[in-house]
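First comes the structure, then the notes that go with it.
Every chain is named by a letter (A, B, C, D and E) in the order it is written, and numbering of its residues begins at 1.
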Amino acid sequence: MSEAEANPHFRPVVKTKALNVIYPAADQPVHALSNIDLVIGKGEFVSLIGPSGCGKTTLLRVIADLEPITSGTVFVNEMSPSEARQARAYGYVFQAPTLLMWRTVLENVMLPLIIQRRPVQEVQQIAKEQLAKVGLQGFEDKYPWQLSGGMQQRVSIARALGFEPKILMMDEPFGALDEITRNHLNQQLQELWLEQQRTVVFVTHSISEAVYLSTKIVVMSPRPGRIVDIIDSPLPRERSAALRDSEAFIQLAQQVRDALKDGAL
Amino acid sequence: MSEAEANPHFRPVVKTKALNVIYPAADQPVHALSNIDLVIGKGEFVSLIGPSGCGKTTLLRVIADLEPITSGTVFVNEMSPSEARQARAYGYVFQAPTLLMWRTVLENVMLPLIIQRRPVQEVQQIAKEQLAKVGLQGFEDKYPWQLSGGMQQRVSIARALGFEPKILMMDEPFGALDEITRNHLNQQLQELWLEQQRTVVFVTHSISEAVYLSTKIVVMSPRPGRIVDIIDSPLPRERSAALRDSEAFIQLAQQVRDALKDGAL
Amino acid sequence: MNNYKPGTLFIVLSFIFTLLGLTQSVVLNLTDLSIHSDHNTLLLGGFLLATVVYSCVSPIHFKHVLVTQLGTFISAYLLIHTGALFSPVPAFFWFYVLAVVLLANLSLKYLAELPDRQIPQLVMTALFGFWCLYVWQLSVTFLHVPQVLLPTPTAIAGALATHSAMLWGDFVQTVVKAVVAGYLLGNGLGIVTGILIERSPFLQRGFLPLANLTSTIPLVGIAPIAVMWFGFDWPSKAAVIVLVTYFPALVSTLAGLHSTNKLEGELMYSYGANYWVTLKMLRLPAAMPFIFNALKVNSALALITAIVAEYFGSPTVGLGFRISVEAARMHMPIVWSAIVVASVAGSLIYAVLVYLERRVTFWHPAIRKA
Amino acid sequence: MDKVTLQLKWLPQAQFAGYYVAKEKGFYKDHGIEVTIKPGGTDISPVQVIAGHSADVIVDWMPDALAARESGVPLVNIAQIYNRSGMMLTCKKSSGIHSPADLKGKTLGVWYGGNEYPFFNWMAKLGLKPGKDIHILKQGFNVDPLLRGQADCISAMNYNEYWQLIDAGMKPDQLISFPYEDEGVSTLEDGLYVLAPDLKKPAFVSKMAKFLAGTFEGWNYAVKHPEEAAKIVVAQDMSGAATLAVQQRQMENVAKLITYANTDKMGYLEPKAYHRTINMLLNSGKATVIKKDPGNSAMTHVVWELAKKE
Amino acid sequence: MNISLGVAKRYGIPMTVVLGIVFILWYALAIAMNAQAVIARVLPSDWSVSQLVVACWNMSRPVLPTPHQIIIDIFNSMTQWPVSSPRNILYHAWVTGEAALTGFVMGCILGIALAVIIVHSKMLDRALLPWIVASQTIPVLAIAPIVLVILGSLGVTGLFPKAVIAMYLCFFPITLAMVQGLRAPPKLQMELCHTYAMTPLDTFRLLRFPSSLPYLFPACRVAIAAGLVGTMVAELPTGAQAGLGARLLVGSYYGNTLMIWSALVVASLLGLSLTGLVSVVEYWVMRTRRIA
């Protein structure tokens, strides 16, 4: 049991026990996730980090009921992932922007709200705000193909945020962005998370991004996909740009780097 | 005229003068490249860096004869880009992996060599070596769709390397990779470049990648797409992992970061 | 665990109809003592009820699904016998029919839920077809539809058996000679022209509107002309087939050649690959899904065309000849047996094409998934 | 007013002038019935139409009607309009045919669809085996095969196809025709048929008697006034292809086949002719049309006699 | 204005050239095909070549009529008779077009409905599709009279039975394309909907249907052409009623080749305008999507 879990206020949102996912294959089955035990508390910001093919995406997908499991248990808010999904607990940002090309940017952001049958006025209002937050005001009436890849991904993010889901799942959302925009969005995401105390599960390849954003960093390793270390962040919940140069930050980054190296052996 | 160009050994490979590219559009034409003057010497490793939409891809495409220009001149090896292309001067790695779905991984890597009518034995040999270099031995007989996105991009890279082109054009080749693989491939690319003295034009979003790899960093800025700074790297041609923590490295990175910020204003 | 069972609606409805039929048949038995078939109608009702209840409580596993299937078959068999006892058939009979049909639907649904490996596609298709034929047979028999309008499947099967030699001759004339010749020629020419004019935007712009125009020419208009020009035997049929298959093949080949991804085209371009290399390595493979689509569409088209063309003059053999002549002679079972031969031939050709398509375009996302 | 629906066997043309005349000139109305005339077509089988209860009475040829009986549609002839057959085999003299014996080794166009039986009967009589001694084509509905030289002989109606050959530029002396009537293989053509069960209903019988009475008047009038009849027919043609000259000529030729027109026996089915047709069909080569002799069950004079009293 | 001018320039010259070649071949073929009959029946015994050519191109019952004969025939029928007359070809085009359009609409509804249930029902996916394919190998001309008679016995006559035959030919390409199209959304987009716990109806409305449109429209173009053929086939057995199919039949029956060819040409033009109509709708619906 980790430090955070010992906290009396700790309320688990995601709980996996002896979780295994094996992809059947003609030649040799792939053991994508092996014996994953993971507890994510309410309001935590958890980053999954690890080399390509270590099962980060798979773990995210399992939690979001997008992938069946081979053995073990997964609970989300004391429910099965499927029930949690039906209760519309998830906001998912995929690795690639997943926009509907026949809807304008604004209509894309409105999508999850519309299916909740909220009033159109309100929905538009929210969608516009969210677009402004990711720096896309003025692009509301463009179509996705009129935007660059990075802009498209920002629309996806706005869409997931507007939805106000209990759990925000993000699979390398900033992979396609340049460093400046990326840092900017990191900061936005941080503020948002602080403000709304949402639970976030976040996949990244970037150590500094993981360290900057997370309260807990899950370091994974491939073949078979497993957790090699779970690092609770000693950093304060509130983070500023200055933090990046702090001693604690650099030390934590090094710790993650070491864990990654250990896993690779 | 930059420092490097003053060098008597300097032999220009790419030369653009007052280059402009304007995309016609129904509402408002996009000025993707505005008055680009750029000289790239033989054996140089040039990185293009800049925020999303600043015209990096467009510039690469113009050099490789994939995009017509609106005004100005471009010379590649004293030839027009089209002639250079017909002389098989280019190896191009696109932003997205561009593999033929009906060919196995090995056959994909063999493709450009087969087009050059080299003996099949030799071609297979080369392709296998290149795949090993990007860490994909054992995947030769898989089809592209059986690989993860990162692995697919590594196949694209192997394909471009095996080809031994005079100019290697790479459009964010490592965007989809994790930090470790990315660093590993950066190093491989560096060694390869050192060994073969190939001219490389490289697009990236990552400042550290640009600094680590380049002899020259071209910082660009959007609306209209233009060059805001060309920074010649003071680092030695040979680079090691340790270099990343050196003073000169950090200073150069800061210089690029500042140039980017200036451009954004 | 979610305990919703697929087809609950079918179970409930089937149950209701069984009960309705059963009560009615009991009432009838009590009021009309002249009916001596009581045990038969009651037996059927009881058996139906048992099958419905069993399918409701059993899990969806191989064995249990087979039992449901078997129960449905026996009920269906009993139903035919029950119907034969009455003339005209009483109302409760139709309740039983509804119950059996719903049960058949249910049993198929269960089969479909089983893993693909346990129940091959062919079995599903055959069972579905069997139940359709069963309903056809029931309706025609017990609604007393005149045979000259619609014969029963059993009559058609009988005609197939008794006239097999004659139908084989028709098959050879229409399919082996006319369709095969016309189909190969039409598609071959279409694909080759497609490849040739693909290089010339000028020819494409001139040709495609014309192709569109001719593809809207109805074949019923061309057929009499072809008979006039090419004679009564199969060459005139093949000629019409060439004409109707040529343009779809041409248009699809062009669309396929144009379908290559921009990036992939630029890759080959950046290698300085010449036209033929690009064609062989990139464009033809990429065009294959389109070409196969045309081949599939054309296979049905070619068959129908051959048959229709025979209406406008033919020697005294051929599927179209047979259908038109026997229809006029009011021998509907023979007409339908010729239609069956045509359909089976068409479906087989289609199946072969699907098989080839899977082999050739194994990489296509739509096929990869399967 | 009683309603009657009549289904014709073929396209609207002077072949059916009597019915159109009766309708247009109000003869049906005079007898207190309202008649709907449904034109036929190449593949519309009047038998199917009446079996599907979309018509009360149909125009059909007797071989077809008798074959339908064996397929379960109990047709009964209530009146016979055409007393003579108009069908014949027309050949090009240039192919060396001067008598039926010369048909050996020739290519002959035959109308199928129930019209082929007299032909096969004739060939059986001549001892010519289809496929061996003669080559047979299933002729479409036009005279092209002869014009294009694809066939040496074709089936033709003496009131229609023969004249199309003439219109296409053939000279009468280039052609030689073998009317089935002359070859002794004729069958009864246009007659009126109803379903046997309907005849059990007195109301239906009386309605049909009225219909026959009107029809006979129509035919009598049409035979006397071919030009007016042709005009009426052309006005009924929705395809816009019929021409007055052609239809008038057809009317004149049709009139020759209705020998009882303007006599007391108009529409009377001669039992002798009926039995001759049956015998012919029972002996028409390998695949006979009918297997059982229907006796007198496929004809009745009841309606005809009632019509005479109208 | 500008766009249409561009189209005219891009297509005008190539089409003129190709059509020119076709016409030259056509006139040459007309001589070859008509010569025999012309020599036998039209020309005097001492004919010259130029007489032969002129006679072949203007013969009254040609084997192959020439384009100008067809154009004149169509023009005459359109100008010399009121539009409501059965002798005006426009009247027949209208009769056929109306039934074809009705059948097309019915075919679209049936085709889409079938595709929807196939995509949503595992059982029908596995059991029904092969039968739909088999249904298309049943020759329409064989079942058309049966359908007409059966519908007639149910009291349905006029336009509707023809539309049913047209529907039978229309629905197939639409079903095939829609099954493909409804399955076209990329995995990621389907999963997005899954994470939103969208109802099947919402998924259909918001994702599947819009994704299928690029598949639907080309299929519609094929279908409407097929529907036209179906309508004309349905007009054959009923013979002398109105419609282009009936014109084909009676033209053949009366040995009037010109009438056949006029009907054919008008049918093709009608087909072209119907597919054009679909293209216009497509352009309007898809105007916000990028042309790939």
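Assorted remarks:
What we mean here is this: contacts are C-beta pairs under 8 Å (C-beta built on N, C-alpha and C of every residue); 3 or more make two chains touch, one makes a residue touch a chain.
Here's who's who by UniProt: A, B = ABC transporter ATP-binding protein; C = ABC transporter permease; E = ABC transporter permease subunit.
Keep in mind that what you see is a predicted model, and the values were worked out from it rather than measured.
Contacts with chain C and chain D are shared by E.
By number of C-beta pairs in contact, C-E leads when C-E and D-E are compared.
Chain centre most remote from that of chain A: D (centre = mean of CA atoms).
Greatest Cα centroid separation from chain C: this falls to B. In this assembly, the C-alpha centroid of chain D lies 36 Å from the C-alpha centroid of chain E.
Chain A and chain D have CA centres that are 84 Å apart. Centre-to-centre separation between chain B and chain D, using Cα means, comes to 86 Å. Look at where the CA atoms of chain A average out and do the same for chain E: the two points lie 53 Å apart. Annotation for chain A: no residues touch two or more other chains.
Residue positions 63, 141, 145-146, 149-150, 153, 236, 252 of chain E each touch two or more of the other chains. Touching of two or more other chains is recorded for residues 43, 45, 48, 52, 140, 142, 144, 148 of chain D.
Of all possible chain pairs, the ones that touch are A-B, A-E, B-C, C-D, C-E, D-E. Chain contact summary for the complex, chain C toward chain E: residues 108-109, 111-113, 121, 124-125, 127-129, 132, 149-150, 202-207, 209-210, 212-222, 224-225, 228-229, 297, 300, 303-304, 307-308, 311-312, 319-320, 323-324, 327, 335, 339, 342-347, 350, 366. Partner chain B is touched in their complex by these residues of chain A: 50-53, 95, 148-151, 175-182, 205-207, 260, 264. Within the complex, the chain E residues that touch chain A are 186, 188-189, 191-192, 194-199, 202, 206-207, 210, 213, 288-290. If you check the complex, the residues on chain E that touch chain C are 10-11, 13-19, 22, 33, 63, 121-123, 125-128, 130-131, 133-143, 145-146, 149-150, 153, 173, 180, 183, 222, 225, 228-229, 232-233, 236, 245, 248, 252, 260, 263-264, 267-272, 274-275.
Of all the residues in chain D, the ones that touch chain C in their complex are 43, 45, 47-48, 51-52, 64, 67-68, 71-73, 112-114, 130-131, 136-140, 142, 144-145, 148, 150, 289.
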